[in-house]
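Right, one structure below, let's go through it.
Letters A, B and C mark the chains as written, and numbering starts fresh at 1 in each.
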Amino acid sequence: MKFWQQVLALVHKDLVLEIRRKEIIISMFVFALQILVIFNYAFDLRVENVKSIGPGVIWVSIFFSCAVNVGRTIFLEKERGGWEGLITAPLELGALYVAKLIGSILFMLFAEALILPMFVVLFNLQVITLPIITVLILGTIGFASISTMFAGLLASTRAREIMLPVLIFPILLPVTIATVEATANHLTGTTAMNRAPWTGLLIAFDALFICAGYILFDQVLEE
Amino acid sequence: MAQITATVQSTRSYGWVDKLSQVLAFVTLPLMALTLYMTLIYAPTDATQGDVQRIFYYHVPTAWNGFLAFFLVFVASVVYLFKSSRFWDALARASAEVGLVFTTIMIITGSLWGKPVWGTWWSWDPRMTTTLILWFIYLGYLMLRAYAPSKQQGARYAAVLGIVGFVDVPIVYMSTKWWRTLHPQQVVEPGQVSMPPEMLQAFMVSLLAFTLLFIWILIIRTRIALIEDELEIRSIENG
Amino acid sequence: MFSNKPSQSMSDPVPVIEAQGIGKLYNRRWALRNVNIKVFAGERVLLWGPNGSGKTSLLRILATLSRASRGELKLFGLEAIKYKRDLRNRIGYLGHNLTLYDDLTARENLNLYSKLYSVKNPENLYMPLIYTFGLVSFLDSRVRNYSRGMQQKLAIVKALIHQPEILLLDEPSTGLDAESTHKLEEVLAQYDGTIVFSSHDIEFGLSVGNRVLVLSNGSIIADKSVQEIDSIDLQHPTQRHKLTIQP
């Protein structure tokens, strides 16, 4: 199928470039690490506090570091010139969106695979469990679905590096709330009665906005 | 306003809209005056909250219009992406601006109301928080148009944001509501006030007046946006 | 084989490119105003004019990279905006931006674009051109290591890789030395589709083109076949060469 052939070619290209340039994943990791250190002093994360504040700390570090870095999968295309080649190519509807989406998700997951162990080490809280990783993946997909769409939109816009967080933070509020709450639930073992269907919300959010991106992304490409 | 329509001949005739606008001018201003009377004098003072409660008559209608404006931005954005029509882009732009103003008023009145009643300026109440998020999206919408490389592209980008933002707002409301049930605040929230008939009347009049005011301002702003576009296009012949 | 009189239609009555009333607005400046042109299959059209006259804007619109602010564009008789996905298969564009990935090798770049354009057996298509341009020994080296001229040549190969029916080239001889420019002229001579290109190099332009559109300030002020051109006096000090037209 032409669609998947094009998507795979583009994802492969982005992975090869990242392996050779090593720009995005390392920046995400380092930035998140620095935020973790700041959090230790901003909030007193002693043993009794860490379970309640921990989920917020993890997600905020990931969120902020990715908000700054993930746009680069598209902004770098624009800067280095590949962008126009992609617009003039006969790409299937949504192929570029899906390709960049998969790329962003992979980069974020790689960075998170480095960030989570650092969190465990720094704050001595075991967060690498299957339920929490599931929540993290769903949150990452939701984050990437929106940030990819808006990065494409902002590629030619002034002040795009700051506009990206400004635009996506309000829209991603449900993802923020859902991931933090769901992670906290798993950490503190809250009973089912006191929970809300956060995972369901994330799945719905992801599905909805991936569809939206698939349909709308191609609208923002041409000059 | 009549002068604006006389000096610039638009290529499209929006005659019925201008007539509607003139009718609204005659209707809205007296209605707003009536609202002032009814909400400040006619309606009785609330037993528990005192006169501060009267902010409610302004807070809720502006909130309603803020969300109505956003709905219009959504509709105009969808149509614009299909038809690339200047009218729908102008409507979206105007609606976003007017909506931002109404939303700002809603947030400020909510805060002013909250301090004496709840003891805090802000309580992370789901409705207020969702409106705040909406305010951010509006602001982002207008910033996007301002920073876009050209007006045409800005229109397309803003349309995408208008659609995504609108679809997102119910999800924001749901998530803030669930969060709130899990993390209840100490403050006492104003529940559904059982209103004596005079209060209800004052509220209905206010709601009607503000909605008509909103529509009237929206029409004017859209007209101006269309004229701005027209002037820009005209410069090709002269420039 | 190529028509001498641009206004006369060729064997194929449907123009390959048809622009009606095209205008392009960039934040308070009209880069193109009311451009009307018809290009028929096989024509080689040179866009001539000083910097800022609209050549690049026009090429970008023809390539569907940019949307016109007003007017309509049809390619092969189809509306450009509506059918852009299918049309892009049939267009090859080379702009100021070479759209090559610096950290990929030439081979990787070409293979990537082959996949995007669904080209089967791309090597059969690009190897002859790589030989012609003398890039064979650099095929597996990263584009980052290429000189400007080599990158330009590679970009030309990339534009041709999917055998487009229309070639849109924005100053293709930029950065090429005399020998490479000749090679490019040969390659374009062998190409049997339609070409619309801009150039500041008058000899190159008149050698490749058979029709000239002169642009000034966003409008087309002259549309002549190459035969009719002696010289045009444009009174633009930035031009090194001047074209004059016989009265």
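Observations on the model:
Here is the rule we use: a contact is a pair of C-beta atoms (placed from the backbone, for glycine too) under 8 Å apart; a residue touches a chain by one contact, two chains touch by 3 or more.
Please read these numbers as outputs of a predicted model, since none were measured by experiment.
Path length between chain B and chain C in the touching-chain graph (shortest route): 1. Farthest from chain A in terms of Cα centroid separation is C.
A summary of chain positions shows that the Cα centroid lying nearest the centre of all protein Cα atoms is that of chain A.
The leading chain pair by number of C-beta pairs in contact is A-B. One finds 49 Å separating the Cα centroids of chain B and chain C.
Centre-to-centre separation between chain A and chain B, using Cα means, comes to 32 Å. Centre-to-centre separation between chain A and chain C, using Cα means, comes to 40 Å.
Among all residues of chain A, those that touch two or more other chains are 223. Residue positions 67 of chain C each touch two or more of the other chains.
Taken residue by residue, chain B touches two or more other chains at 149-150, whereas all remaining positions touch fewer. Across the complex, chain B is touched by residues 23, 25-28, 30, 33-34, 67, 69-70 of chain C. Chain B makes touch with chain A in their complex at residues 81, 133, 136-137, 140, 143-144, 147-150, 153, 156-157, 159-161, 163-165, 167-168, 171-172, 174-176, 178-179, 181-182. For chain C in complex with chain A, the residues that touch the partner chain are 60, 63-67, 85-89, 91, 93, 95, 97-104, 108, 112-113, 115-118, 158. Across the complex, chain B is touched by residues 146, 149-150, 153-154, 156-160, 163, 166-167, 169-171, 173-174, 177-178, 181, 194, 196, 198, 201, 204-205, 208-209, 212, 216, 219-220, 223 of chain A.
By the touch criterion given at the top, residues 2, 5-6, 9-10, 13, 16-17, 20-21, 80-93, 222-223 of chain A touch chain C in their complex.
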